[in-house]
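Going in written order, the chains are labelled A, B, C, D, E and F, and every chain counts its residues from 1.
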Amino acid sequence: MYDRLPASGFITVRGRVETYQGHLQLVAETVLPIEDRSKIDLSELIKHTRKNIPEMHTRMREILNKIQDKQLRAIVDEFLNDAEIMKKFIVAPAAMGLHHAWIGGLLEHTVSVLELAVVVCPRYPDIDQDLVLAGLFLHDIAKTVELSYAAGFDYTDEGRLIGHVSRGAMWVDQKAQAAGAKLGGPLRRDLVMVLIHIILSHHGVPEFGAAVTPKTPEAILVNLIDNLDAKTQMAIDAVAAPAEDNTWTEYQKAFGTKLYRPSITIRD
Amino acid sequence: MYDRLPASGFITVRGRVETYQGHLQLVAETVLPIEDRSKIDLSELIKHTRKNIPEMHTRMREILNKIQDKQLRAIVDEFLNDAEIMKKFIVAPAAMGLHHAWIGGLLEHTVSVLELAVVVCPRYPDIDQDLVLAGLFLHDIAKTVELSYAAGFDYTDEGRLIGHVSRGAMWVDQKAQAAGAKLGGPLRRDLVMVLIHIILSHHGVPEFGAAVTPKTPEAILVNLIDNLDAKTQMAIDAVAAPAEDNTWTEYQKAFGTKLYRPSITIRD
Amino acid sequence: MYDRLPASGFITVRGRVETYQGHLQLVAETVLPIEDRSKIDLSELIKHTRKNIPEMHTRMREILNKIQDKQLRAIVDEFLNDAEIMKKFIVAPAAMGLHHAWIGGLLEHTVSVLELAVVVCPRYPDIDQDLVLAGLFLHDIAKTVELSYAAGFDYTDEGRLIGHVSRGAMWVDQKAQAAGAKLGGPLRRDLVMVLIHIILSHHGVPEFGAAVTPKTPEAILVNLIDNLDAKTQMAIDAVAAPAEDNTWTEYQKAFGTKLYRPSITIRD
Amino acid sequence: MYDRLPASGFITVRGRVETYQGHLQLVAETVLPIEDRSKIDLSELIKHTRKNIPEMHTRMREILNKIQDKQLRAIVDEFLNDAEIMKKFIVAPAAMGLHHAWIGGLLEHTVSVLELAVVVCPRYPDIDQDLVLAGLFLHDIAKTVELSYAAGFDYTDEGRLIGHVSRGAMWVDQKAQAAGAKLGGPLRRDLVMVLIHIILSHHGVPEFGAAVTPKTPEAILVNLIDNLDAKTQMAIDAVAAPAEDNTWTEYQKAFGTKLYRPSITIRD
Amino acid sequence: MYDRLPASGFITVRGRVETYQGHLQLVAETVLPIEDRSKIDLSELIKHTRKNIPEMHTRMREILNKIQDKQLRAIVDEFLNDAEIMKKFIVAPAAMGLHHAWIGGLLEHTVSVLELAVVVCPRYPDIDQDLVLAGLFLHDIAKTVELSYAAGFDYTDEGRLIGHVSRGAMWVDQKAQAAGAKLGGPLRRDLVMVLIHIILSHHGVPEFGAAVTPKTPEAILVNLIDNLDAKTQMAIDAVAAPAEDNTWTEYQKAFGTKLYRPSITIRD
Amino acid sequence: MYDRLPASGFITVRGRVETYQGHLQLVAETVLPIEDRSKIDLSELIKHTRKNIPEMHTRMREILNKIQDKQLRAIVDEFLNDAEIMKKFIVAPAAMGLHHAWIGGLLEHTVSVLELAVVVCPRYPDIDQDLVLAGLFLHDIAKTVELSYAAGFDYTDEGRLIGHVSRGAMWVDQKAQAAGAKLGGPLRRDLVMVLIHIILSHHGVPEFGAAVTPKTPEAILVNLIDNLDAKTQMAIDAVAAPAEDNTWTEYQKAFGTKLYRPSITIRD
């Protein structure tokens, strides 16, 4: 029976629930693959953001409206107006299994880092907020083709052979040409270069996947904000996950340790 | 003449300025050590924060007022009411030569990370803001005894043999006992433990000086906010420093690279 | 049945022994948790030093009597006279699972490194033996609160969040204040500082848990003697453990290899 | 006088040669920048390949003619027919200062690895020689924009912010689209993907600049052949360089050691 | 039954094949150890080179005939004429489990690197081909005593305690003395030294087992050719191995990744 | 004048001493190379052990007399009776510039580690003292050919290409054969193997020069005792060296830090 199941996909299980040594236990009677995917409501079966996707989408566009540089805005608009990319963007997960690994996770993470940028950038007046916003919007955009999430999450062939860092850079290169064509001439070469640089460097160090190390204040800040949101969210999720031990989580590979769970302060 | 000068200290130079091959050049005629330090206004001679120290001090106390947990607040107050520590706190540098390496730098950096916490924490409702604020206030407080800054910046013997991470932890341990004595009984043991944990772990990894790796969401966030402020400020300072090359800074050891200097976006 | 057992603790098993395919096999008939711990003789159930604890304790005090510096001796005495600490000191294990991981292991390891110091220090007349003896006595003393060993060995919450290195340093700081109070004035600041430095640095490098790297000849020697005893004992134990293969032990994580077991020399 | 010289460029020095303590010494009398670059024959002033550039160019095209896959050949031809790229390709150096750091070095290194591929690939029949040849031709092609070599060798802004690995991948992406347009439809997606993968991974590991690690036998072999030619040539050059010590070269950073110079075997 | 089987050795299994849930399944009825090894034809039971051993042996001697230096040739001949070593050399595997891990693998790998040297060396006229050929012949020769392969592959005690790198160096030292005795006087000291150096350094870096880092162009090239053949063959074998997934192999520890399997180019 | 001086060797300087700005200063009038080395008393010119070489030599033989295993003793005697090796052994330095870097340093270090073994081994009855003594005597014996010390210390060609670890192993291999010949048959194979293993592994990890990692308790202890003596002596020497700063030494590369100099304890 097990052999006839597909390696990835969905199944229907019919059976009964019994009590066994004080635990509930499922006794499967039939297990059948679901051939007709149109009958599946993905959001019921795969882990899903608890936030509202259209609201997050709207909020993201609101924040991106703050970008004042016309050419930079034109590149961003090329992506916002690319229906194929945006359709995937709003449902893709942000990672295979680390942070925001759920349907809508990429959008949720992107909005989260943009919200952080909006409050953090004004504290550093020498930072070019336009570049940071555009860079954060685009830093993970090629996760839409790096990951597959039709039934379970996995890397695509392209994800493994090219990766979202390099694919993202190629896309910005192409969209900048398209934007230039619409604006009546090539965009400023330096502008496109530092934007691509942010995509290429946003993982910080080569050991973590950066194609180059960040070499502008804005590229450095994009890496720091991305890191802050990803790690804080991972820590919160780890501590919130149900576990037998009330005091310590399971070992967290991303942090190289178990995390301590109790809430400590009393707000009175 | 050179031999009679002290290894550290201040001198008076009298001489004349001439033009030599198109450059100004100083020809020293007499060089004398200044024996009476009371005549020296330190702020004229050593690099100094460009912000207002009393204003920053006031702002720091305002933010710390947001801490609602009474016991945590009592520990923080033990430090705020320790005149000896606070006298040094408002003038000490935050580092020997990396970020905020100037008189008032420790206060400036501390206020900056507290300001960041105030806007970042509300975005993560599961994070305990009280702990983050107390941890950020105290994370570098023992830099007041790790560094000497009477005339030039250097490590003290204690700074090299104990370090601000361990000394800070010892101080919190002592202040918590003192606070408990005033509140009529020992503070909650867990509370003191997780606060000390934040001090011990705020450098993130042992290779960068952490005594333990961060093991609570709040300790993780304190490390990330500290890192974000330190690196962003360093990058901004590096790019702003005068240099012969308009395009690239000198090699930045902290970033492992030169940084690219030009401003790119045009806000119109 | 299995579900009703506690995660840690002791059980009574009643059953019968049978022969199955040439091996003895235990068939459990009833498995019951032991609620009343007073009925348990721990030394029968948990691995235990094969040496005599009172004799080791006496020997340790004999060696510590060699310390001639009065202030250093006063700090050491604060610990020797702390009944709560010493009660745990003589039964605690020295580690979770590496070396001397048995009841009484901390005392056994401490006596062993003190004995080594007594024969090694005289070979280096420039080494301050007093400091080395005090440092070795105290280097692992906070393992008494880092590890729990009531029923199986584990880290305590404090062990994971603070660790024995930092807790040991805090204790020496406090005991030095207490000793000063008794001697009629604060102890020499440098003396306390270099003693705390030995505790903080005894793991040698940050990657292995040192809060600072050793920066005095005595701190360096304490690290080397500690390391020599721990690794030699681990190697001896590994080779002595029963194993199916006469020639090689199981893989030893601490050495990154299997060890070769045979005795080779013939003493005739 | 020195101040008026440009940071990079060429100068005319007029002076006389004298004998000083047994050495020849140049006494400069006038030093003037050369304003009119058209008067400079670069090949006289910058280190230059000792091989014949047109011959190497012809040989490279001969080897590339062995590529049988039509679509792969079409991508290669897009580059060979791009006059702007090829004009730089035949004069660019292959590196700033490691291997083939001379005018024509990129072409010389490219021909050398192609010649190696032609004799190595047939020894591994399962290796796809077409892919290896195309990959080796293109692996360093964006060094043409990564390095500047008009007067001395340096990185360009683009070289530091994007790098030849990512730029090379973007170019192949664009040329594949152009080739597809000419052949009447998009090229096979997998083919373009594995070719781009070779460019992205040819440095082998992220620490040495690879955007992804090599994940096909052909990508692995391209990395190995590139490495073999670069290191062998560096070793030969190091040993051949004039030095005061007949036996050992200067310290070679690329090898982490000095190299031993003498020829040892006698062929008789 | 299982307990009576030897830890390594051969067994006879008698049973029947049945169909179970659509798969073939073996039901063992008797399992007996084979006591008399003379009845076993090893080549039927252990993985074996698919090439012809006598032909490879002949080809190896042909290539070694190209060595022109008489003294170097004399050392090589000492090995070729050592019946005990050569008997093992032609059947030993080249590794436990990475590349060429099969009977005859050492010979197959040695011939492969010699063939590569014959086509690669002429492309670098400054390389001493004699030394490279002798070095490649001898680089792994002590694998004959490092590995056991009578029944399954394993390390010998000597393999773990001494290793093939050091044992190979000792052998060359001894054979050079024997060769000198036959030629009427000690061989040139430098010649023996650089040959031993190649053996000691052929793993490239200490982390991978080199006793010293390569310090001559020939030692560097031996390491590169050895590496090229080992890794290329491993990649080819990995991709050719049967697997459930048509697109990606299992995780390959040697490459730190899965490999992509499809053939891409069409040769028409 | 400077040009006529040899790269290494000795010179005679004739001049006068003057006072310049409060310092003594040497004004050289003639500088002549010393052609006739027989006129030089090396011990006056190169740093030299402060201990008595014949006394140390006698002590070493006394300790080695404790070895009871006849075959092991026979190997040791082969070295003790090799006049050429022992002549160098008693004057060679133990290192280029780290520990015991002076004439007689190898003997001094060897006696020191043997003395340590004599007091340490009895504390671990399961340790084979014979093996430890023989291993410590031989661990650095090939430093006699690794280093040159006729005029200043340097590595020899053999030192760089083979190293004392591998050369020491080859020597033990040869001496064991010679000893076997004298005792009337080959020595026990295992005995020779574990002794060579100690030589090959005494640097502990490959990164520090070990050809294999230590895999017997005795090899582990040899590494630990060698390390203890080398580092303790280095620390003592560093703190004793004259320096301008009374409190901290110069940066010590071997310890990755400056060392703290003051003596702290008062023995009253």
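As a convention for this text, a residue touches a chain if its C-beta (ideal position, glycine included) is under 8 Å from a C-beta of that chain, and two chains touch if they have at least 3 such contacts.
All figures in this text were calculated on a predicted structure; none of them were measured in a lab.
Under the contact definition, chain D and chain F share the contacting chains B, E. Listed by label, the chains that touch chain A and also chain E are C, D. The greatest centre-to-centre distance from chain C, using averaged C-alpha positions, is reached by D.
Homomeric contact chain E/chain F is classed as same-residue, with over half of its interface positions used by both copies. The rotation relating chain B to chain F, fitted on Cα atoms, amounts to 120°, rounded to the nearest 5.
Centroid to centroid, with C-alpha atoms defining each point, chain C and chain F lie 34 Å apart. Per-chain CA centroids place chain C at a distance of 46 Å from chain E. For chain C, residues touching at least two other chains, in rising order: 157, 160-161, 190, 194, 197, 215-216, 257-258, 260. Taken together, the chains touch in the following pairs: A-B, A-C, A-D, A-E, B-C, B-D, B-F, C-E, C-F, D-E, D-F, E-F.
Looking at the complex, you find that chain E touches chain F at residues 157-158, 160-163, 165-166, 169-170, 173-174, 190, 193-194, 196-197, 200, 206-207, 209-212, 215-216. By the touch criterion given at the top, residues 68-70, 72, 112, 115-116, 119-120, 123-124, 126-128, 130-131, 188, 190-191, 194, 197, 213-217, 220-221, 224-225, 227-228, 231-233, 235-236, 239-240, 255-260, 262-268 of chain E touch chain D in their complex.
Residues of chain A touching chain E in their complex: 1, 3, 7, 157, 160-161.
Listed in rising order, the residues of chain A touching chain C in the complex are 21-23, 244, 247-248, 257-258, 260.
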